[in-house]
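Below is one structure, written out as structure tokens, with a few remarks after it.
All chains are identified by letter, namely A, B, C and D, in their written order; residue positions are counted from 1 within each chain.
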Amino acid sequence: MGSRKMRIGILSAGGDCPGINAAIRGVGKTAIVEYDMDVVGIVNGFSGLVEKETIDLNEQLLSGILTLGGTILGTSRLKPFKAVDGEDPQHKPDLIKKNYEELGLEALVCIGGNGTQKTASLLAREGLNIIGVPKTIDNDIWGTEVTFGFDTAVHIATEAIDRLHTTANSHKRVMVIEVMGHHAGWIALYSGIAGGGDVILVPEIPYNLDHVYECLMERSRKKKPYSIVVVGEGIEKPSKKSAGAYIAKQIRKNTGLETRETILGYIQRGGSPTATDRILATRFGAYAARLIHEKQFGTMVAMRNGVISSVPLDEVGGKVRLIEADNKLVEKGRYMGVCFGDCRK
Amino acid sequence: MGSRKMRIGILSAGGDCPGINAAIRGVGKTAIVEYDMDVVGIVNGFSGLVEKETIDLNEQLLSGILTLGGTILGTSRLKPFKAVDGEDPQHKPDLIKKNYEELGLEALVCIGGNGTQKTASLLAREGLNIIGVPKTIDNDIWGTEVTFGFDTAVHIATEAIDRLHTTANSHKRVMVIEVMGHHAGWIALYSGIAGGGDVILVPEIPYNLDHVYECLMERSRKKKPYSIVVVGEGIEKPSKKSAGAYIAKQIRKNTGLETRETILGYIQRGGSPTATDRILATRFGAYAARLIHEKQFGTMVAMRNGVISSVPLDEVGGKVRLIEADNKLVEKGRYMGVCFGDCRK
Amino acid sequence: MGSRKMRIGILSAGGDCPGINAAIRGVGKTAIVEYDMDVVGIVNGFSGLVEKETIDLNEQLLSGILTLGGTILGTSRLKPFKAVDGEDPQHKPDLIKKNYEELGLEALVCIGGNGTQKTASLLAREGLNIIGVPKTIDNDIWGTEVTFGFDTAVHIATEAIDRLHTTANSHKRVMVIEVMGHHAGWIALYSGIAGGGDVILVPEIPYNLDHVYECLMERSRKKKPYSIVVVGEGIEKPSKKSAGAYIAKQIRKNTGLETRETILGYIQRGGSPTATDRILATRFGAYAARLIHEKQFGTMVAMRNGVISSVPLDEVGGKVRLIEADNKLVEKGRYMGVCFGDCRK
Amino acid sequence: MGSRKMRIGILSAGGDCPGINAAIRGVGKTAIVEYDMDVVGIVNGFSGLVEKETIDLNEQLLSGILTLGGTILGTSRLKPFKAVDGEDPQHKPDLIKKNYEELGLEALVCIGGNGTQKTASLLAREGLNIIGVPKTIDNDIWGTEVTFGFDTAVHIATEAIDRLHTTANSHKRVMVIEVMGHHAGWIALYSGIAGGGDVILVPEIPYNLDHVYECLMERSRKKKPYSIVVVGEGIEKPSKKSAGAYIAKQIRKNTGLETRETILGYIQRGGSPTATDRILATRFGAYAARLIHEKQFGTMVAMRNGVISSVPLDEVGGKVRLIEADNKLVEKGRYMGVCFGDCRK
């Protein structure tokens, strides 16, 4: 009487992000090659579980996707624990549980950002065998030091800042660039330091525009011909304008310096992942398969002290990892002369 | 009694553009190495002529600038023939003539776009020995088939469109991208074709949004999961919004398709030029030196029938080179299935 | 009753090259969308005609391949008019004619380099309706001013040279880089000029190493800290070593300067085409479909005086387009201070 | 009675590497801005100390170098503790000590690889106040989990491998690519995994070519059309050929598969650093200044458990950090189906 193969599902949910396919391949190939499991792809995030839309994954389907941006499984922003008007709040979760069983799944890997990990932790409480894999260009998932997608986003944003230097210099301008990050300023911080930004504004550090004006005017007085201002999209502002447009307008009005803005937008999250993200996503994915094999359910793969391990999903859900007050890169940025818009030099 | 060296000036005016430094080097090295001239750099465009701000250029200063974006001479948008309130309209032109003589210049190379070539033609009429070198990412200078800066802009815009495909596909979205081009849609046309855009809107082809909706809905019906819409910033629109934001909003409202916009902005004009632009700028610059040597003043360097030659500045000034109705690439785009927003399929 | 659709075949032969897929899509979509033809893909170049291995191409199969390197049809180096030992020289040509008819083809598009166009002209003489599409990174096809693949190769080679500058500078070295080009030095010439090479050696210009040593020593005497030498692989040399290794060894031995070589190799012909090559390949492909529609068989698509047109295949076959003695870019390179290894400065 | 400023020196030695300038800027700006020190640049590595060749560094000289490849200070491979024939072994060390004092230095930052850190530890024993900063594209410095330069090298090598896929696929070939790494296979391992290599050979894992042939033949039998083999330059081999050429020849001879090699060479170490390397180098540099401020001499900046700290130079010198037998990425590579040339699957 031979043993039956274990059968697992994989889904990607939330915003797309470079490296999801590498992670899917990492989970799938490890599950198939190392642990001899059957692997099912759930289509379009949690929608695919509600609607029972799946594809069987084999080694061949998982080949050649390492370098592709986006996700071969599709994604959606459906939140199954958020009932639509008049809907029984247990309707979709129950449907998911029913389909999980009918599909013969014994574990489910949920690749996604904060929202997805929250849903993942709730599904774990419902009794499903869940493993989370953290993914977001914003790098703001609690419990892990880094997420894949971040390196690619920083790479793209830094290249853009590199290009702005020459235009800023030719025209003696202030160039403001807005980069992604709803809650956390990681992309702004990293691309700002890597791109040689003079001012960096992030949601976590309250800014006073007077300090920004003073910094820019002092550079002007010192005959530095131009300045680069990197702004995280999530900074607080008393305006409906985008963060970049708001800051640029204020600088223009209050310093008289010629100022232009660029809103970098969606190109930060598309395209082929960097080598670093491909490797991180592969490792995260492979580790997820191992967590299944070891039946460590209800956990999320995480980087801790530079080593890949796991954290309980219960600890992750509903939190956001922000830049803290004593962040070392902020400190080093100050040494490099960066103004963060607060009163400290 | 040896012969005195000829003394020439170079300036760059108008918006910055990848390849200006390569052109400056092209003019300067050819003038020095081949024709044994003295070369003076005029700082910040025509301002430098008004204020007599210059630097002497030698081989060493011209080395190592081939690959740099921006312009080592700086630029400005000063239009000397446009008098400020109460100013004598001949004030600045006269000052320029005086300084031209005091600097001992026997010729002046004006690197710039349409505005600069207009000024150049007026200075030629004032009796100065002028050679124009056409430069603009927009590729819309009359009299030449191509300008340097354009290849780099198309390269950057195409890379951006490449990145949008994966996000569009993951989310089954319409992605709208606005690229530069105030009057002419060359960047939109070229990057749209190169990036596999499904809809391309350019200022030269009047569009009917109903055709755009129909094209997008038909793609949707045919189960094509997403669409890319490339929009030139200069298209006509009944709105103060940017072209990209306007088109995206209309599509969203009228088709119900999930739609997002990206305004590519300044990164299209910064950074190191492509190999193609470095070569074109070098050739244009070197040819300008030759035109001086041959005393063919009052002309602009131009590409005609694939060969570098020249056109009278008088013919160039005040015109714009637009996409014509029988443009071959538009025709080929239609064969590839591109919708240009007009009634033809 | 109703008219039957015309049925055409497409094949790609010879070395791979960025843009082949864009050309296949250009031919195919134009044939289907504009001229309502049936399109058959021949697999692996002329082998597919001998072995009757084909796939039917439709719009869907032609979508999404614009940006892919390589060729979805595969390629081979089979030369059907070159009989293997003991084979009847007409064996393969006859087989091809038979299969062409059995497949119901009324025209055949041959995408390839010099060898492929030679075969294409011979098949045309055998009575097949042939259209050639020129393709090679080497840019050496007679009858056309440019081929797709070339811009991408120059782009990659120039990026590599850009990187060598910093290493050369840090170590005060001579860096020799060998780029592709068996017969013609186009890649060396263009990437050498675009990358700021100090010495450029191409097969078409006989070099004297003494001039090269003198150029490098003079740079050293002038305190220029390093030099870049760009070598086309096809230069003549009294050695079995690669061109780059040979030149580097000679420089090292005869000047005492620290010298290193890099053989760039296959990365010049792989990967996604540049925007410029995607557009050129699309246009060439679409034009090939039009030539079929107009029954202008026995011709090759070509760029002439900056305009796409055609040349008789008979004129193309067996020739190579080389850098001529009065090449303008060579002349301009000399003005920039480049040494071409000949006695002229 | 004001206090005198502390005066420190910085040098870069050994092979060049992307990020050295970012590190110099990190040390210098932190020393000047945060700790109010005077900073002296030593020219051309330890040669500059022997010959007392220096430049004073100020904020302005340190601006704008963040993104530059190479090193503004120059470098050399001089090993001062290795006496030339007939030289007193203490001659150069004594000279260095004398010059260190005459220059008024109170600390010296040595940016370099294994050789440099060895020299640094010996100078520390001689009584100089030394801080090491680890730098190498090879990532093989003992005591730190990562060095700057590595991310850039992996990025470039991965891009090259990406390009080879299309050529390999078009021609159904085995493509062998040799990447850098004299003693350690980190670049081969990381770029091999990131680039989707099928076989990865590194110096640390003894390989049996029969396993390699078997892997390639099995792929061929499974109709996988091509294979990518990534080879570290430092693998053992019974041949004077380069590692890549040797392996390619053996595969060709023993499998009959069409096989080509590429030796990636110097482009791996040149050009602008990635965002990741710019940040790492900045942080390492800034931390070095802090170690001086805290008088923790005789140490090297290091990444330990994902955190920047320091290790005694005595522990570092003379060792190399190799890929260990239980390396996690090797394990994950096996799950992805990679053959490492050993008998394990």
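The rule is simple: a contact is a pair of C-beta atoms (placed from the backbone, for glycine too) under 8 Å apart; a residue touches a chain by one contact, two chains touch by 3 or more.
Note that the coordinates shown come from a computational prediction; the quantities given were computed from them, not determined experimentally.
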{"item": "Given chain B and chain C, the chains that contact each of them", "value": "none"}
{"item": "Reference chain C; chain at largest CA-centroid distance", "value": "A"}
{"item": "Chain centre separation in whole Å, for chain D relative to chain A (CA means)", "value": "29"}
{"item": "Rounded Å distance between chain A and chain C, as computed from the means of their C-alpha atoms", "value": "42"}
{"item": "Gap in Å, rounded to a whole number, between the CA centres of chain D and chain C", "value": "36"}
{"item": "Chain B residues counted as touching two or more neighbouring chains", "value": "162"}
{"item": "Chain pairs that touch, as defined at the top of this document", "value": "A-B, A-D, B-C, C-D"}
{"item": "Of all residues in chain B, those that touch chain C in their complex", "value": "25-26, 29-30, 33-34, 59, 63-64, 66-67, 145, 151, 154-155, 157-158, 162, 190-191, 193-196, 224, 272, 274-276, 278-279, 282-283, 286, 289, 303, 305-308, 328-329, 332, 334-337"}
{"item": "Residues of chain B that touch chain A when the two form their complex", "value": "15-16, 18, 20, 68-71, 74-75, 156, 160, 162-167, 169-172, 175, 260-267, 269-271"}
